[in-house]
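Each of the next two complexes has subunit A plus one more chain, namely subunit B in the first and subunit C in the second.
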Partner chain A sequence: MRLAAAQTAALARRSVVGTLRTPQALFPSLFFPLVLMAIFTGSFGSAPGTIPGFPPVRGFLDFALAGAVLQGILIGGTTAGAAFALDIEGGFFDRLVASPVARGAILLGRLAGGVALAMFQTLLFLAIGIAFGARVEGGVAGVALLLVLACLLAVAVSGLGIVLALRTGSAEAVQGTFPLFFALLFFSSAFFPRETMTGWFKVVADLNPISYLVEAMRDQIVVGVEPGPTLIGLGVVIGLAALAVTGCALAFRRRLAAAP
Partner chain B sequence: MDHAVEAEGLEREFKGGIRAVDGVDLAVSRGEVYGFLGPNGAGKSTTVRMLATLLRPTGGRARVAGRDVVAEAAAVRRSIGVALQDAAIDPYMTGRELLHLQAVLHGFGRAVGRRRAVELLERVDLEGAADRRVGTYSGGMRRRLDLALALVHEPEVLFLDEPTTGLDPISRLTLWEEVRRLNADSGTTVFLTTQYLEEADQLAARVGIIDGGRIVAEGSPAELKAQVGDPTLELALERPEEEVRAAEVLRRFGELQPSRDGHVVARLPGGASALPAVVRALDEAAVVVTGLDLELPSLDDVFVAKTGRRLEAEGDDPTHSPAAAAT
Partner chain C sequence: MRHALAVSAGLAWRSIILVRRMPSVFLPSLIMPLFILVATAGAFRGISLLPQFAGASYLAFTIPLATVMGAGFAGMNAGMTMARDIEGGFVDRLVVSPAPRLTLIAGPLMAAAMRSVFTTTVVLLAGLIGGVGPPGPLETLAVYLLAVGFSAAAACWAMGVALRTRTIQAAPLMQVMVFLAVFTSVAYAPREVLTGWLHTVANLNPVTYLLEAARAAEFSALGWSELWPGLAALAGLLAVLGTWAVTGLATLGRR
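Moving on, here comes the complex of A and B:
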């Protein structure tokens, strides 16, 4: 067990180092959410109080922060999957498989790398938000819950990327899922509350699990720690993460057995 | 436990019924350097992937370091070092970081990992580049790092899949030297695949020629060449009018072959040991010779004899002409 933990840690360290050394991979997951947050905040700066359906918030920045965190993790998550696919393409995966490393460490190492990146992003975005005047109503507990939600989401998104990597063995295929994540994001309550939506858009947002996740995150910032939305968000993200990890394990076993 | 690598009727069929490996038998002794020679798509890599536990056989069985590659895959992985085609190396890490990582993956502690990294970097002559990212390495440096990575745990059996494909001649020689030294110093069994005749000839004590997923010939390079036929002797004459006389002399030693003007060519079953007698006979016949060339058959000739095709395509890397393997 100790050995497997050391192997997982070493592989996680490699995925973090690899991400940090490829700024072109890291950049989109930091840049786009921050730009979008700045645009929304600039456009609607004082609007929340006047638009019907908006929760009572001090400013749009408080409202937009959770959406930015979520967006960053969705984009960053594809990085883990793409990196895993590059390992398969380049043969590093074969080197791992031909070594006596614990099989689980190969997956967990990459997932842990994704989680570490998500923690870094979340803390960075919160720090930037706070520097520009946002306030986390939930305090330390709120931040901690935000981090937990963010990390679990990172497991789900990275896991999905890894499943695709294992099934296709192609980094391009994994990166091809990028628009899907964007669709999930925009057809959710990540940027506007569901109360302001109408018609089919609201139906989609109601069905989109991302909505419940972002609302749980946002609650920590704009309202404070509330059991209801937090538990729903946790439930949704734990479900997604469990699905992704199971998918990873199955796809991994399948790849090792079939080994094309 | 007699053999480092043994296989019986090893098969791998891919989807669509393509048999990449079709009944391969192997018996590689401990400490041997075995060369697996064949063109692209002959089944070399597929065989190595099965032996290295990366691919499950669809038929037959194989044991590496005394363990079954399917039932005891984990034990096999502890005993083997693997350097696969295309030097599978992460470009964003430094050579030293990758060696540390590999040591942890093999269950060594940090201190041992550091020491092994220093030893191996020195061994493959990469100390100067140890802390540079691998992305900046040349092809030859990558292969040497790849080899070092495969050696972190001092494996009993080392698999090298086309270790010098695409390398320049100097890098190739360096890598050959390293493989020889490794085999001589540590007695590591080396299972090497190559599409280069010269490489098999230079490194391997025994060569298996694979084509269409089957081994079509096996033996030491000398044995294989002997199967193909005799060496040929070519004389260059100072005076073309002596051609007939020279031919009469050579006929006594072996069958005459067609030749250019001013030259006489004959098979020489006795090889180099028959040369003194040939020279004496030419001298007695007063034939003046300006050149005397003994050509040994190459592994390429073996390949042609066994498969009816040449191994190395026209226009291939000129440093790998079959001639380099001869004489």
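Moving on, here comes the complex of A and C:
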């Protein structure tokens, strides 16, 4: 058990160091969310307090921060999945499987690496937001809850990336899922409140689990710790993470069974 | 001159038929503008409730953004195709042929312009399905003209990058600059609504004036005072980025 934990930690460390050593992999998950947050804040800064239905917030930056955190984790998770696929393409995965490394450590190591990067990203985005005037109304408890939600989301997204990597063995195929995440993000309340949406778009945003997750994250920043939205968000992300981890285990077993 | 035109047209035709042979290259430039149109108009519709919009439809407000982005993608495709042609040796073979070098740029430019006409038509049709009819014939012509001009500017930028870097791995650089140019303008809201740093940057960004002219056309409110800043911005972009692409040609024989 202790050995498996050490192996998981070593593989998680390798995953984090690998991402940090390839800035082109890390760059999109930091650059795009921050740039979009800045652009949306500049474009929609007049919205709070003016537009009917816009929830009461101190400023649009406070509102946009959760969307940026979520977007960063979605991009980072895709990168983690693609890195796992590169391990498969390059033969590292096969060498790991042939070694006495615990099977669970191979998956958990990559997931833990994704979670560590998501924690770093979330704290970095919060620090940048606060530096530019945002305030986390939930205080330390709010930040802690935000980190829990971010951590579970990272498990869900990295897990999905790993499932695809195990099924296809192709980094390109994993990266090809990025538009899907991008669409999920835009067709949710990640960047603008659901209360201002109408018609079929609102129906889609209402059905999109990302809406509830981002709203739970946003609540910690703009309102404070409130049990209702937090529990809904936690329920959604725990469900997604459980699905992803189950999918990982099944895809892993299937790949091992198919190996010559 | 006639020879140069024939070679340019041949290269343009080659780029166009690549659409059929490699749809994965062209499809994003068709899907992304439609995605931007639907996602932007749906997600940010609430911003049009601000008094500065005077009750205008946000879908109509977003159509020029989608046409300009579609044109930008058509332009970026020209750069990516050139990068692939450089990696594959096709450009080297053209350089040692009697074809004038300028045709290396002129051909993909013509192809980008044609693709932007197609994406603009698709976006206008999507707008029509969404309930926004096209403006008058002259205004529609202006929307097309501005899109074609922006596709040429984006193509010059992307080809300049391709000629200097000689690798398809530079594609993100081509894309990021076009994205930043468009989204740090009046992409989501008019200038009167923008706040802070974005207001300052949008005032300095030529794409702002291009988009404002296209929007005035879309809302059938296009007069000379709305059109000339857009045309001037376009001329400036084409002059600077055209020079960037042409000077990139000079680097071809060096390595």
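Note that the second predicted complex is superposed on the first by the 258 of 260 C-alpha atoms of A that agree within 3 Å, B and C clash if a C-alpha of one lies under 4 Å from a C-alpha of the other, contacts with A are read in each partner's own complex, and residues count from 1 in each chain.
Here, a contact is a pair of C-beta atoms (placed from the backbone, for glycine too) under 8 Å apart; a residue touches a chain by one contact, two chains touch by 3 or more.
Keep in mind it's a predicted model, so treat the numbers as computed, not measured.
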Record, for the superposition on subunit A, whether partners subunit B and subunit C clash or fit.
fit
Who does A:101 touch here: subunit B (first), subunit C (second), both, or neither?
first
For A:191, decide between first (touching subunit B), second (touching subunit C), both and neither.
second
Here the angle between the directions from the C-alpha centre of subunit A to those of subunit B and subunit C, rounded in steps of 10 degrees, is 90
What is the contact status of A:208 with respect to subunit B (first) and subunit C (second): first, second, both, or neither?
neither
Partner touching more residues of subunit A, subunit B vs subunit C, is chain C
Considering only the touch criterion stated at the top, classify A:121 as touching first (subunit B), second (subunit C), both, or neither.
neither
Report for A:78: first if it touches subunit B alone, second if subunit C alone, otherwise both or neither.
neither
Shortest C-alpha to C-alpha distance from subunit B to subunit C once the two structures are superposed, in angstrom?
18
By the touch definition above, which subunit A residues appear in both interfaces, subunit B in one complex and subunit C in the other?
none
Taking the complex as given, what residues does subunit A use to touch subunit C?
24, 35-36, 38-47, 50-54, 183, 186-187, 191-193, 195-199, 201, 204-205
Residue ranges of subunit C in contact with subunit A within the complex
35, 38-39, 42-47, 49-50, 172, 180, 183-184, 187-189, 193-199
Applying the document's contact rule, which stretches of subunit B touch subunit A when the two form their complex?
14-15, 49, 52-56, 74, 77-78, 80, 82, 84-90, 92-93, 97, 100-102, 104-107, 133, 149
Of subunit A, residues touching subunit B in the complex:
3, 6-7, 10-11, 14, 17-18, 21-22, 87, 90-92, 94-101, 257, 259-260
